[in-house]
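Can you keep this structure in mind? I'll have questions shortly.
Chains here go by letter, A, B, C and D, matching the order in which they are written, and residues are numbered from 1 within each.
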Amino acid sequence: MPGMEAKELRVVGFLCNWCSYGGADTAGVSRFKQPTDLRIIRVPCSGRVDPLFVVKAFMEGADGVLVSGCHPRDCHYAEGNFYARRRLEVLKRFLPFMGIDPGRFAYTWVSASEGARWQHVVTDFTAQVHALGSRRTFGEGGAGNAGTR
Amino acid sequence: MKAKRYAYYPGCSQHGTAAEYEVSARAVADKLGITLVEVEDWSCCGSTPAHTVDHVLYGALAARNLALAEQMKLDTMVTPCPSCLIALKSARVMAQDKEHLQELRELIDLPLKGTIEVKSLLQVIFEDIGLEALTAKVKQPLTGLTFAPYYGCILTRPPQLAQFDDAENPVSMDKIIAAVGANAPDFPFKTECCGAAFGLAKRQIVQTLSAKVLAAAEAIAADAIVVACPLCHQNLDLRQEQVNAFRGARSRMPVWYITQVVGLALGFSPHEMGLDKHAVASDAILAKWETHLKEHAQ
Amino acid sequence: MRIGVFVCHCGTNIGGMVDSHQVAEAAKQFPHVVYATDYLYTCSEPGQLQIQTAIKEQSLDGVVVAACSPRMHENTFRRTIERAGLNRYMFDMANIREHCSWIGEDKEANTRKATELVRMAVAKVANHAHLHSSLFDVNKRVLVLGGGVAGMQAALDCADGGLDVILVEKKTSVGGRMAQLDKTFPTVDCSICILGPKMVDVAQHDKIKLYTYAEIDEIKGYVGNYTAKIRKKAPYVDWTKCTGCGLCMEKCPSKQSFDYHNEGIAVTTAINIPFPQAIPKKAKIDPAYCRQFTKGKCGVCAKVCPVKAINYEMEDEIVTEEVGAIIVATGYGLLDIGELGEYGAGRYPDVITGIQYERMLNASGPTQGHVQRPSDGEEPKRVVFISCAGSRDASLGRPYCSNFCCMYIAKQAILTKDHVPGVEVYVFYIDIRSPGKGYEEFTRRAQEEYGVQYIRGRVSRVFPQGKRMMVKGVDTLLGAQMEIEADLVVLGTAATAAPGAQELAEKLRISYDGYGFYMESHPKLRPVETNTSGVFLAGACQGPKDIPASVGQGSAAASKVLALFSKDQLASDPQIALVNERRCIGCFKCQDTCPFGAIEERELRDGQKVAHVIETVCQGCGLCTSTCPPGAIQLQQCTDNQIIAEVEALCQAWKQRS
Amino acid sequence: MPVLADIKEAITRELEGLALVIGWGQGYDPVHAVPFFCRSSADIDRLIWNPLCVHNLVSYLPKLKGKKVGILCKGCDSRSIVQLLQEKLIKREEIVIIGIPCRGVVDMNKIQALINGKEVIDCSFTDKTITIKTSEGKQEASLDDVLAAKCLVCQYPTPIIFDHLAGAAFSAQRPAAAVDAEVKEIEGLDIPARLAHWERELDRCIRCYACRNACPLCVCRDHCAADARDPHWFSQRTGVNEKVMWQIMHALHLAGRCTDCGECERACPMNIPIQRIRRKINKEIKELFAYEAGVNPADTPPLYTFKVEEPTIKESEW
């Protein structure tokens, strides 16, 4: 992969059980090769994803955070992803303000049948995070010295 | 109305075998309020020979022209030739891929974004100008004439690339022909291949395929075939005698460019439209039209 | 806590790309872990016994299995630990197969990833609480959507099993696609002759309540307690009076109405009974063609109806039915042939679809079974069939096989030979797919006994040549271009998802694939279940399939419902939201956002109002938990603390990594 | 009639039916006002109204739910009332609102700089100036020089909702674009510089939660997630991460609710510019959902509702 450091970075994904987690399973069953950086946390619905989980992950040192749910209108719980879309969009616009690079957070929709799409999302997102490198979080390396490690 | 400006990529045929396509295209564009700004220092699109050899070089040949057009700060590039169209569109798609984009940039040594829209002149007339505006400008309708709209094999194909009309049953020329007052019956061979560039290497292929197109046009009692492609025109018009010999026929089927059809209706003379430049003369069809117009006037 | 970790090799599925032993060794160092081991197949009987033994010997109170996806085996292992006396929810899985060994190409990185996934699962289990299901009553009625052969089979099996069945059919008669067919393959039975008795059984069964010409407006509720709003569309005929005598059809002056049953190759009257064997045999007015509706005057049918059943003022009626389970059997649609521009379908009258040809072959069809060219009514001397018209074609977005076309084309080819003496029949095919019982023999018979010419290749274009149609294609076995003049061209058009399938899926909250076919729970092991508890699938709504497969699925879905209803009460899923009343501030933002209306107000003894979750209504999505500012409402098994623990465990691993 | 007299007259009329009226009284010296609960007619004369009345008294209202109370409020404060009504956290019929069109309140830090630690003997105002008499003489300053930053960009000087209006209504005098000026300033920085900015500023945070306690919309009070063990969002470690996490939690819990009253920043003992964090979210919410909190009691906060199609949300193209 071009521009990809050999070193693994710290990437967390919050995936809804019904669509995206299933999509990641489908990708696995189809043996669609993916970068190994991502660690997936299973939640029932993208609506369960409190934006603070994303913030928490960044505070704990994550280099990238990905949230994926069912496509709008396909939510297993009818409306969860509609709320998620609003919350995560606000978060996406807000995080860069606090000094977290816009490329480090993404949310998207992947259905249980979209194994190839999941592979594409993971590969792209991981490459995007690698392009930014590992992240220096607050309090590391002193105030005047902000930037990537 | 303010004229809409397009970057214009004529392609090599327009300056050679298809000079009358060029003349009529420019005249029609002007009349319809389209300003064609020729891309300065344009070069070969790559066309068929290149893409059979090396895809990236093929892309680079076309991409150079895209890059030049992008410098003109216009949002759309238009070309009359379907072969050029596909080459330019392919390069544009290639440029969407980051890796390829880098390769192309290095090969052509020009800044390239790959964002400029590419359309055929037919698409511009059909979509940007529209049938309504076209009808409003018709001065002398081509009533009483029947045309076989022949799109050829690559104007709408592959559909993912062409993004215009129905790939298997296109109707844009049919509708334009109807808009200028002529008939365009269902032409089953509208997207069949004429043999295209095989004219030099394997003439028999052209003869076989073009013979079928000509026969089909005769079967629907067309007065002329209408094309939007310089290569189709070459095979059907210039080689018609060869094809006749091959199929044992005495066909005298005129082959017109769509721009000539539109131009005539917009008030240009047959001479102004270069209709006297074809290998197969258009005397009969023009006479028929004149008679029809006279009858109509009475 | 005392947590045990069991790392599976899954043969070489995991073991080949993850060092499972090393993962188990690393797990021993994690907080709370007192036991860790690896095993070849953890889900096998000895593998499960190993877990049970360890629970007893090591006094484990939590278990982590690192293996395949929890969507695969979470329930298997929950039952395992329950058998060993642990609360079944004191368990979690680390997915080191689908999310790890199968997708990563570097064994070392995979092993590290697996170790971290286990660490996260351990941290989550350390925050698990014992959960207990409660029981709730089941409404033992079943709603069947779709009155085709699959839906009827499901309805009859359920009804014979003693359940009350509500059968909803979109058209005015049950029967579905099979009622349109002339014969069935490979036995060449008369389709309506074998279907008709089933239709009568459905209508006469005292346990089946039939709503035809009806659709679903809304579905609410959950397994055991669904509420369906059914829209009975207005037929403008009072069906309690209509006797199906057909006098109105004889007298109706609007005789150019689209004939849906005959797929548009014939016309019918604006008021009509779709076919003679219709069940129920009731007339309906098509307002798009009826002169009373289009011109505002006519009233002929109202005058001639002997029982005065006509009512032009009739309006749709909404009825509500309460059921405990739903079987979806809404069938399939057919490709809009306008998409096949190269075949001229829709432009040339003598290019027709297989289902249109089926109606033409049918003795009660518009031509009384005579094969005729639609253009001039002449008997064809040569018929060409084109299979895979729109199927197996990625350029049209339909790379899938439509399953039954090869077989019905063989059947129609044979019938053509039977109906028209001396006719020549050609079939263009990509592959002949005849894997059913007796199917291969059948297609062989078509070729060898009936002399149907099979040409392996695709057709590029169909165009008129004089009075006939020219079919231009390629014979890939000869490697030659082919041109065949035909009098009639029949397209084996692609089967698609039924129109409206996606809207219905959204009402039912079930998933569908990229083509609109409904997704089963598991493609191999749970073929008629959906991921929504209490909703089952039967027939071609799940993917194109033929009659025996559809009937089989109808019975399978019925048996699933009967098994579900064999208990009077169901255990609720305790993985639902729970309010900590001491922390609730009574802002009720959870109530505003809950998609299910599962949150009610409860007044505490001091008069303070707090939120309360209605156990059976909550579906466990957790939207409330992420909405609640103080975090007073927590989704059990997926609490804030559990997710935070997972993130923190991962953070610990990251720190050790660098 | 002077505004204060107008206020007092309204209270005199209403007090009998009310448990109390919340207003401002004088604090320990002439430059300090404090919230004052007026319970009887004898208390009325102790009420004051001048640019020292900085507090948003609405913060008291949710706790007083169930009692009928009167409240004095400025334009900015009134938005908090509207927002609380929108979220059904207070009942309209339980409150009597005495609205006061306001030309701005002071920034106590600027006043402190002016008096420079000396004892204050008297403080008086004209329309344009403030005069403070200290033990060492008289200090006069232009009012604009001592006004709180939020007042210099005030868009709602007159209360949006009220039962009595003391004084004449007037519309916004400050340019609307100015509200986002400090947000845009940060947006002008590159990402590492933003990180450095917040690291520098928020490192001063002592997690005293004064910002939360002053916030009229932080209705969780003792149940705030920041203090809880279940959920246990962050530890008691004093790393800057925890401080940032707290500020983001506060801001996100206020997303679509924050009425820009500025109490958080005013209350901050470490003078951290935290209002701009909320303002950034307000700006995005406005852009996304054309929504401003605390303006219309009939609205629903945008994060507690949705549209099936969201034309303004452009998702990543995967």
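Here is the rule we use: contacts are C-beta pairs under 8 Å (C-beta built on N, C-alpha and C of every residue); 3 or more make two chains touch, one makes a residue touch a chain.
Keep in mind the model is a prediction, meaning the values are calculated, not measured.
Peer 1: With respect to inter-chain C-beta contacts, which pair, A-D or B-C, contains the greater number?
Peer 2: A-D
Peer 1: Please compute the C-alpha centroid of chain A, do the same for chain D, then give the distance between them in whole Å.
Peer 2: 35
Peer 1: Would you kindly tell me how far, in whole Å, the mean C-alpha position of chain B lies from that of chain A?
Peer 2: Roughly 48 Å, centre to centre.
Peer 1: Could you tell me the distance, in whole angstrom, between the mean C-alpha positions of chain B and chain D?
Peer 2: Taking the average C-alpha coordinate of chain B and of chain D, the gap between them is 68 Å.
Peer 1: Indicate the residues of chain A shared as contacts by at least two other chains.
Peer 2: If we look for residues of chain A contacting two or more partner chains, we find 51, 56, 73, 79, 83, 87.
Peer 1: Mark out which residues of chain C touch at least two other chains, giving numbers and ranges.
Peer 2: 593, 627, 640, 644
Peer 1: Chain D: which residues touch two or more other chains?
Peer 2: 233, in rising order.
Peer 1: Could you please write down every pair of chains that are in touch?
Peer 2: Final set of chain pairs in contact is A-C, A-D, B-C, C-D.
Peer 1: Which residues, counting only chain D, touch chain A once they are in their complex?
Peer 2: Within the complex, chain D touches chain A at residues 183, 186-187, 191-200, 202-203, 233-234, 239-242, 244-245, 248-249, 251-252, 255-256, 277, 280-281, 284-285, 288-289, 302-303, 306-308, 310, 313, 315-316, 318.
Peer 1: Enumerate the contact residues on chain B facing chain C in the complex.
Peer 2: Residues in contact with chain C: 158-160, 166-169, 186, 188-189, 191-192, 216, 219.
Peer 1: Under the stated contact criterion, what part of chain D meets chain C in this complex?
Peer 2: 87-89, 219-221, 223-225, 228, 230-233, 253, 300, 304-305
Peer 1: Using the touch rule from the top, collect the residues of chain C that touch chain D in their complex.
Peer 2: Residues of chain C touching chain D: 580, 583-585, 587-589, 592-593, 627, 629-632, 634, 639-641, 644.
Peer 1: Going by the contact rule at the top, pick out the chain A residues touching chain C in the complex.
Peer 2: 8, 10, 12, 17-19, 21-22, 24-25, 27-29, 31-36, 39-45, 47-51, 53, 56-57, 60-61, 70, 73-80, 83, 87, 111-114, 119
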